[in-house]
Amino acid sequence: MPNRYAYLGPEGTFTEAALRALRPDESGEFIPCSGVDAVFAAVRSGAADSGVAPLENSVEGGVTATIAELINGAPLLIAAEVAVPVEFTLFAREGVRLADVKRVATHAHALAQCRGWLAEHLPDAETFTVSSTAAAARAVAEPGAPYDAAIAARVAGERYHLTAVAEGVGDRSDAATRFVHLVRPGPLPAPTGADRTSLVAFLSDDHPGALVELLDQFAVRGVNLTRLESRPTGDGLGRYCFCLDADGHVAEARVGEALMGLRRICKDIRFLGSYPRADADTELTPFMPARGTSNADFHEAEQWLAHIRAGQVA
Amino acid sequence: MPNRYAYLGPEGTFTEAALRALRPDESGEFIPCSGVDAVFAAVRSGAADSGVAPLENSVEGGVTATIAELINGAPLLIAAEVAVPVEFTLFAREGVRLADVKRVATHAHALAQCRGWLAEHLPDAETFTVSSTAAAARAVAEPGAPYDAAIAARVAGERYHLTAVAEGVGDRSDAATRFVHLVRPGPLPAPTGADRTSLVAFLSDDHPGALVELLDQFAVRGVNLTRLESRPTGDGLGRYCFCLDADGHVAEARVGEALMGLRRICKDIRFLGSYPRADADTELTPFMPARGTSNADFHEAEQWLAHIRAGQVA
Amino acid sequence: MPNRYAYLGPEGTFTEAALRALRPDESGEFIPCSGVDAVFAAVRSGAADSGVAPLENSVEGGVTATIAELINGAPLLIAAEVAVPVEFTLFAREGVRLADVKRVATHAHALAQCRGWLAEHLPDAETFTVSSTAAAARAVAEPGAPYDAAIAARVAGERYHLTAVAEGVGDRSDAATRFVHLVRPGPLPAPTGADRTSLVAFLSDDHPGALVELLDQFAVRGVNLTRLESRPTGDGLGRYCFCLDADGHVAEARVGEALMGLRRICKDIRFLGSYPRADADTELTPFMPARGTSNADFHEAEQWLAHIRAGQVA
Amino acid sequence: MPNRYAYLGPEGTFTEAALRALRPDESGEFIPCSGVDAVFAAVRSGAADSGVAPLENSVEGGVTATIAELINGAPLLIAAEVAVPVEFTLFAREGVRLADVKRVATHAHALAQCRGWLAEHLPDAETFTVSSTAAAARAVAEPGAPYDAAIAARVAGERYHLTAVAEGVGDRSDAATRFVHLVRPGPLPAPTGADRTSLVAFLSDDHPGALVELLDQFAVRGVNLTRLESRPTGDGLGRYCFCLDADGHVAEARVGEALMGLRRICKDIRFLGSYPRADADTELTPFMPARGTSNADFHEAEQWLAHIRAGQVA
């Protein structure tokens, strides 16, 4: 029986591109979902074996819906991540020229990333935000479409048989979105030597130094944080929890020790998974444990402590 | 000549309600703008004397467009803030009953905050996101409207002569949005004893302890942080800057010293203003300087240092 | 065969009083040694089963000779500690009156603690420092003694058949000396719930924050330091190592974790023992683990981590 | 009228050598004192214009008597420091050979530093500690001397007309003692760019992190500590204050800010002076302010803050 993958649909989204990059083999059933919440629901219920959703974008920041689902509801784990370059294309039905475009549909995040181009090339066009870039493309392809054009991923144009009116309409050529592969709790991916661990921390109370204490738990073990994002807890203005990504795998001593430290000082911790880093082989992120915090250092110190505890000091 | 206030329109938005709460007098010209970017542009260009925009919501988090404008472009300062309770109403044209509602329009943030109610009471309705809750109300009021109902603020229903089909449709009754009053750089509001200072910090480099160092600059002076939000710098995944709110006014010694510390260790700092706290009189946020960090403590230490430097030790 | 106890002699020293307080039973052979180095040598060589030496005094500070021996040479462990009140008596041969005393002998530390009394009551007396207060008493008792009187412990006067010319001649009535019971490396005393751990840390390099990093290793695990004393390494001015006493037993998770942290970041660590606190039952030092750092907290966090690592998140 | 210099006598001490190195000109009256307390008393009373005393030794550590006087009593300031290499010579009356030496006198610190040599070359000699190495030399020179030889500085041998029986009898050839020049409170020495600031800190209370907080006050301003020595307050075991040496002059912004921070969080601070470093031109201690903590950085940040406070953000 093939693997069933839920993803943020409809067909043709950047998320579908991410899913194609993430899944281990060519087989499998793709289940497009109408929202991030539906992706999570499908995985939680077992309707899908796993799911893919966007987590953050290099221009827009964290994807609120995904983060909200990760924080709340039945826990899912991140089993993998992938970064997909965001390349936007303006699609229309065949025969439509740029000058004809008066109504442009796309997703809100995409719109935000194409504002500059639109202001320059389509200053008079009205813009509409829909549930996804692919939904915009699909809508444009329908008879009697309310929009003249859609900003979407290349794959969406292909799927809905649209014509590229303009390519590279994003304001930044280096934009990227990070997607995560979600599974129900179970055995974690084995450490690869270049992993990432994600979690959510709810501070015990709002005393001034609480966040510093939390960060110290990582710093003292030489664990580097690659993302720190505050999210409202929903309990009123000024109440936040923190979504953290850290270098390393929870199976490693240094990460395990840091997480135990958080567990002790935080009101609550939600573990979101340890998984291979998507950028493990890029120059941006060389793996350099701080002085005294390599796994070998931890192992040596454990051996030393065992001797000390046994009274073997010589 | 009356004050001209730009705000996130159209008429009937929560932002208009915030503006009414913020402005000092009843006079003044209100200039609704089609987006947060337009509000900033109006203030920057002088087309408006000041502007109002949402900064964060207790459920959805930071408002990306506002934060992006605060970080980038010509600097504006926050001169005041106000928190507005978010109470959502489902509006329709007269005669429409709940059972008739098939297509609901609202802003994306509002939609996110009403999902639970919609799932329960309008499970089959289609939802559409438009540029604001007020725009949704206005669209519903138009002849031949593409939507049956709008989720919006009470003031929007009044302005567009709609009928409340259901009140309190938000999933959380305690949700609130924080709005800021934006002005061009100039003299700061005088300290009131219960102020807030906002800024954006770009860390000098990505070494593991950089964020801890930044937070230490506050902790050592006993300055409490009330918000810490990372935002992508736009230069690729994994690159963030930090938006900070701190207790106190930059005119105070302890805040001034902390900001000088940030200035020295950060690649860049953008000061966003010192202004009275909206929650100064609530129980949630009593003003309690940490041991040794009251303004009196700073004054006494300055006097002491002056004596020391003069060799007057006795 | 009775236990053989080396101690800083000769007979009648405060160290002998400490030994009487420390040893578990009435039997045992007492071996007075002429110096702290001789005490250590006797234990190291096996000539004695254990030894007793002064570690610090509440007025004079650390006892350099003892600390030097603990840091250098073959390692010994501290198996117990005791605090002995320092009550000084001025002793002379029978018939000598205070007015007759021109030459007073005692140990350098004792002299320092009686300066005020001597200045007031014997302003014209010459003072001499000898190897111990008991040696001073013994010298005074000898025929043709070069000194008229000795400042020593009460037990010394009894042993050498001297008369108390004046009692309570110390400048501070609350002075005390802390003595340690030294043994060759072997099984540690079992944790009692109120223990102390001693060690010496050699920092890896002299970068400004090295000592803060060291202290953070304790702070993050909520381990309280009760003593921090720098000692020169002997390698020139400005080169120090640090002698530390911490609350807790190395068998406890929080102390063990802190010591592993030190081991990883320090150039060298010498463990000096975990042993019951002498002041466990005094009001001065209630046992209060910081938030999240009780042994129960550590145990719970370990259980949690085990679940996390097994993918059991629910 | 010549300057009157009090110093730890008698004539021929290492302290006299330090005084000769410290005083600015050849004139001046030298006043040998019988103890460190007498040196302080002479300066405090005005009997001397200034004084010289040993502060720490690279083998023995801090000189307790000097530190006690700096902490207690009427305040004096350190106006200068000098490091004097400790080279010990064994002196005797003419004609005495090494084999004849049965009784050796010297100061306790000197004895500690020559133990190895004595154990090897004079294993059977009895040792006596007197108030100074010079006093030992003087005593040996007297008719009917109770000692055969003295370990002292070369200058002492010359002054008391003794013969060097053996040179370099110290166990370490690189030992040095740091001496300080003491004056009554008054104008401080001008900053030289390579200065040191000394002070004593009494922590506000004994909570676990108090020392870390103190060190953070320095770390946050990039002020390097070159010495941290705990001393008992005298109020019982377990009560300490901390003697600190820091790089820089109190007239500098970064040092001034750090000291104000200490003033605010400590129960008490005693300022002991800012003065040129004796090791300013050695390789051991290059002057390298940490990132963002040069005086220029502080000046720039002050300018920036002034602009911010004036609302000049552009």
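Letters A, B, C and D mark the chains in the order given here, with residues in each chain numbered from 1 onward.
Everything that follows uses one rule, which is that a residue touches a chain if its C-beta (ideal position, glycine included) is under 8 Å from a C-beta of that chain, and two chains touch if they have at least 3 such contacts.
Chains and their UniProt names: A, B, C, D = Prephenate dehydratase.
Quick caveat: nothing in here was measured; it's all calculated off a predicted structure.
Student: If each hop has to land on a touching chain, what is the smallest number of hops from chain A (Prephenate dehydratase) to chain D (Prephenate dehydratase)?
Tutor: 2
Student: Let me have the rounded angstrom distance from the C-alpha centre of chain A (Prephenate dehydratase) over to the C-alpha centre of chain C (Prephenate dehydratase), please.
Tutor: For chain A (Prephenate dehydratase) versus chain C (Prephenate dehydratase), the centre distance works out to 57 Å.
Student: With chain centres taken as the means of their Cα atoms, state the distance from chain C (Prephenate dehydratase) to chain D (Prephenate dehydratase) in Å.
Tutor: 25
Student: Using mean CA coordinates as chain centres, what's the gap between chain B (Prephenate dehydratase) and chain C (Prephenate dehydratase) in Å?
Tutor: The answer is 59 Å.
Student: Please list all residues of chain C (Prephenate dehydratase) that touch 2 or more other chains.
Tutor: 216, 219
Student: Take each protein chain as a node, join two nodes whenever their chains touch, and name the resulting shape: line, ring, star, complete or other.
Tutor: Topology of touching chains reads as a ring, each chain with two neighbours.
Student: Can you check the complex and tell me which residues of chain B (Prephenate dehydratase) touch chain D (Prephenate dehydratase)?
Tutor: By the definition above, chain B (Prephenate dehydratase) touches chain D (Prephenate dehydratase) via 74-75, 77, 185-188, 204, 216-217, 219-221, 250-251, 256-257, 259-261, 263-265, 270-271, 291-293, 297-298, 300-302, 304-305, 308-314.
Student: What residues on chain C (Prephenate dehydratase) touch chain D (Prephenate dehydratase), complex-wise?
Tutor: Result: residues 37, 56-62, 64-65, 68, 83, 108, 112, 115, 128-131, 146, 172, 174-176, 178, 208-209, 211-212, 215-216, 218-219, 222-232, 234-240, 279, 284-285, 290 of chain C (Prephenate dehydratase) touch chain D (Prephenate dehydratase).
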